[in-house]
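Note that subunit A is present in both complexes that follow, paired respectively with subunit B and with subunit C.
Here is the complex of A and B:
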């Protein structure tokens, strides 16, 4: 028999040692795989993207009517259009769906194979998430332009000076929302039915994140509460930066809030993960 | 020699919610949750040497899968310790995960929608297998398991048997030194069962990997395992070789008598010689099931009194013995050798 082949190798890679190259090669493979899966199910992806467009369209129609010829919360009708368009793109880039999947993963034992690999399952989810987002942009961006033209979006505040600070705000928002919602997903280790808690969280995100309306339109007390939650930092903040509604120190303060929440979320995630895996009872697996 | 697996008083107790059926009970449970402790595994101890293939037997719910899951690091035990290759499994040290594999009958780690080879490549990245090593190992697995035609097909288009072969190959790409197999042949046809079985033997022979295997098919166990560990109701019942298991737990033996040509024996005569044990006539004689301790006496009486051409004494088939062991709960623990 060949010396290599099946024979257990004498020297094994130290999998416990962090290797950026190894992680990069995993991300490459896993991302390509997720793209392939999404392409295979392009019909379903197209429908999901279509669904993504419906909610902002409804909000645009409603808030344009509310604003009429004047202003509401500092927004004219056409500025509302711009706000909801950019929000649509930011929401698409930051949303995750894994909390809806975790219950199934745990109940069916689909989590077991993931736990036996010498890599944290979160990396696979990140790749899956990124692949869907990148592919989805092919539908979301042209749709945003089209809606903007049809509804005459007012993008007069947007320029290189707002797009450049928008990019880090968007990336931080993606990381933040992913980390927070993956924490939420881990609740499935304690509760077997997590749909209710997910729905509650989704409602809070819609209001405090600024999906339903710009925060400036909300009552004062709600704005105050919102600022102390992670929600606006993963949605409304990058939108406002893009539209030129935040400037100077305000932007830096926003980055700091994003980073602070990211650190909190990652710390919580590490703690929850340790407890969750202790608890895992590998049912059905 | 250092053992590959050392398990000491390993136990796992699940806490499960308990309530009566019906709306009323459901409402009561909202306020006051009643729970019950279920002992899945109770202080089991054993050692397995490198290179051994050990059959892990027990009826459904005996605690086999729970034990394997603890050894694979999926579950934290309630009591006891385990050492596999120098690691504590449930700490899930990445170096440990890179040296073991747990293959579960109907659980897929391969991605449903993409070709098998892509899943293998992902495993290559996860386990950091150098390209040259990956190619050689893949070639060998492809050849042994006859996977050539399957590599480029999406997993969802494979039959159950084909999928199982690919699952096994995927789990072995990183050349694990310890292999846990939970019902590897479940749901497969006889030919496929045989192929998987011979593959496991071949893998063990070539790599010296330690294999722990559960199966409901005694054919798997008889073909692969010289040693078996039997657990029942979470307790270790027997640990030793397969023949020893039969000797120990079989209460009866079967004596087959072939009479000389043309000879006839009245039933009453035969019944008298075997002291009331049940006699079954065959074309050329009869068979009789007698208690093990009486076998020599009965055999010699038969030989002395009847015109016998041939007489054989047989142990009952292994699966019958196992079935009986499982039917009668006992706390007896035995370790051969």
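Here is the complex of A and C:
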């Protein structure tokens, strides 16, 4: 089982046993390393960034067609273009891929060395993820501008007054989605194949997060359900703040919802992680 | 030709044997197909609460189109994509040399070398969705319509196959290429689920001639829903023959320049 000397309760990697200075230097080094890796594989990164553009582009075409000359759910054709482009950037800044990687990590035993280290593996994942996102922005942002020009995006509601409250909403969304989806990734400790649970999760994200359509366009029952899930708070909310569709108390309520979900997700993560590592017995050991 | 068919059958039965060995893969594939189907239908229902038609396509027409997309995606997943991935990997590792020594057409061998039968769940779901969409549409098809549809479907498959072969053949020159298939997969999985006619002209041209998603999905769907003109049908057949001939010539050309991974 797990107790081959690497996961006794005392030696288990813990977040709290680290000095902030040590953690900061780990983050600096690890981030620099991840950037270097991404630069080395820039061809592959470019292709993934290109793939990122395809879905928003298709949804822009679909919803522009639906809106035609009129309005759908409070969005004109050109406002749909703006919505999906901002959503593309927010999606890029918040997404993680580890739910696809954990199955491989566990199946091949690549998790074992990670557990041996005196630092929680989540920190390495955060650095890798941030490095890819920052580097990817070099492709995603110009592409968003270009598509916006070609399809004549309507950004008339955007100003300094919407960009400033957008920034904290984006950061909270990044933390929230990372925590929730890292919990999902831990499912690989219990399941040998994770594709089904991942695609179910992504189906929910697509609708309730506002990736397929702005929440205001969805049928009433879907909107009601969505508000009580974490999905819109890590995607649709920052987008709507940026576009000036949320104002005043509504924004503060959104921050509160984000913080509440973050605390829940981090609590769940700590609990799941404890159970997962107790369960883990290195494959191939 | 008969020899070729026997080769094909041998590889297919090998794939089935593999599947029987890993039965749970099949159920997971089925679950994935159902999740994907429900997502698609939900997306359509959201669209059609906002509008009554999408540039001439009603909800049932789109259901038929989604079914065809499933069907083609399934066929791609059963043999085309796994084989092309294996081909690229083989060129990179040098195992492609063994394939060349076998006494059958190298293109055929390369194209069927890997079979993943669990993707057949998509084929089954696709047929079901098309049938359901057609009954909802309530049109009766003459034998001629059915024949036209089958020809269009075949043309679409030939185009997709030739396109994938063209991409994979590039691996003879550029070794690290597996990501190229990711781009096709993303285009086919996203843009392929909607009629190509809603795209602006420049994107439509791209999806018709550069990455031929249109001929694979939209044209067969048009044939079934009675929206296909004779000109488009003829064009599909011509493009299919053109793609096939070009990909075959390109394959031969690549083989002439191939010297083996270790040489």
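Going forward, the second predicted complex is superposed on the first by the 267 of 285 C-alpha atoms of A that agree within 3 Å, B and C clash if a C-alpha of one lies under 4 Å from a C-alpha of the other, contacts with A are read in each partner's own complex, and residues count from 1 in each chain.
Assume a residue touches a chain if its C-beta (ideal position, glycine included) is under 8 Å from a C-beta of that chain, and two chains touch if they have at least 3 such contacts.
All values derive from a computational prediction rather than experimental measurement.
Engineer: Examine A:224 and indicate which partner it touches, taking first as subunit B and second as subunit C; both and neither are also allowed.
Structural biologist: Once the two structures are laid over each other on A, A:224 reaches no partner at all.
Engineer: Going by the touch definition up top, name the partner, subunit B or subunit C, that contacts more of subunit A.
Structural biologist: Answer, by number of touched residues of subunit A: B.
Engineer: With both complexes superposed on chain A, which partner does A:62 reach: first (subunit B), second (subunit C), both or neither?
Structural biologist: A:62: touches subunit C, not subunit B.
Engineer: For A:115, using the defined touch cut-off, is the partner it touches subunit B, subunit C, both, or neither? Pick first, second, both or neither.
Structural biologist: first
Engineer: Go through the superposed model and pick first if A:203 touches only subunit B, second if only subunit C, both, or neither.
Structural biologist: second
Engineer: Just to be sure I read the superposition right, which of the two partners does A:281 touch: subunit B = first, subunit C = second, or both, or neither?
Structural biologist: A:281 sits against subunit B, while subunit C stays out of touch.
Engineer: What is the contact status of A:37 with respect to subunit B (first) and subunit C (second): first, second, both, or neither?
Structural biologist: Once the two structures are laid over each other on A, A:37 reaches subunit B alone.
Engineer: Given the touch rule stated above, what does A:26 touch, subunit B (first), subunit C (second), both, or neither?
Structural biologist: first
Engineer: Would you please give the residues of subunit A that touch subunit B in one complex and also touch subunit C in the other complex?
Structural biologist: Common interface on subunit A, subunit B vs subunit C: nothing in common.
Engineer: In the complex formed with subunit A, which residues of subunit C make contact?
Structural biologist: 24-25, 28, 31-32, 35-36, 38-39, 42-43, 45-47, 49-51, 54-55, 176, 179-180, 182-183, 186-187, 190-191, 193-194, 198-200, 203
Engineer: With touch defined as at the start, can you tell me which subunit A residues reach subunit B in the complex?
Structural biologist: Listed in rising order, the residues of subunit A that touch subunit B are 1-2, 4-9, 12-16, 19, 22, 25-26, 28-30, 33, 36-37, 40-41, 109-110, 112-113, 115-119, 277-278, 280-282, 285.
Engineer: What does subunit B use to touch subunit A in their complex?
Structural biologist: So the residues of subunit B in touch with subunit A come to 14, 69, 72-76, 92-95, 97-99, 101-102, 104, 107-109, 111, 113-114, 118-119, 121-122, 124-129, 132-133, 136-137, 139-141, 172, 175-177, 203, 206-209.
Engineer: Which subunit A residues qualify as touching subunit C in the complex?
Structural biologist: Interface residues on subunit A, with respect to subunit C: 43-44, 47-48, 50-51, 54-55, 57-58, 61-62, 65-66, 68, 72-73, 193, 195-196, 199-200, 203, 206-207, 212-213, 217-219, 222.
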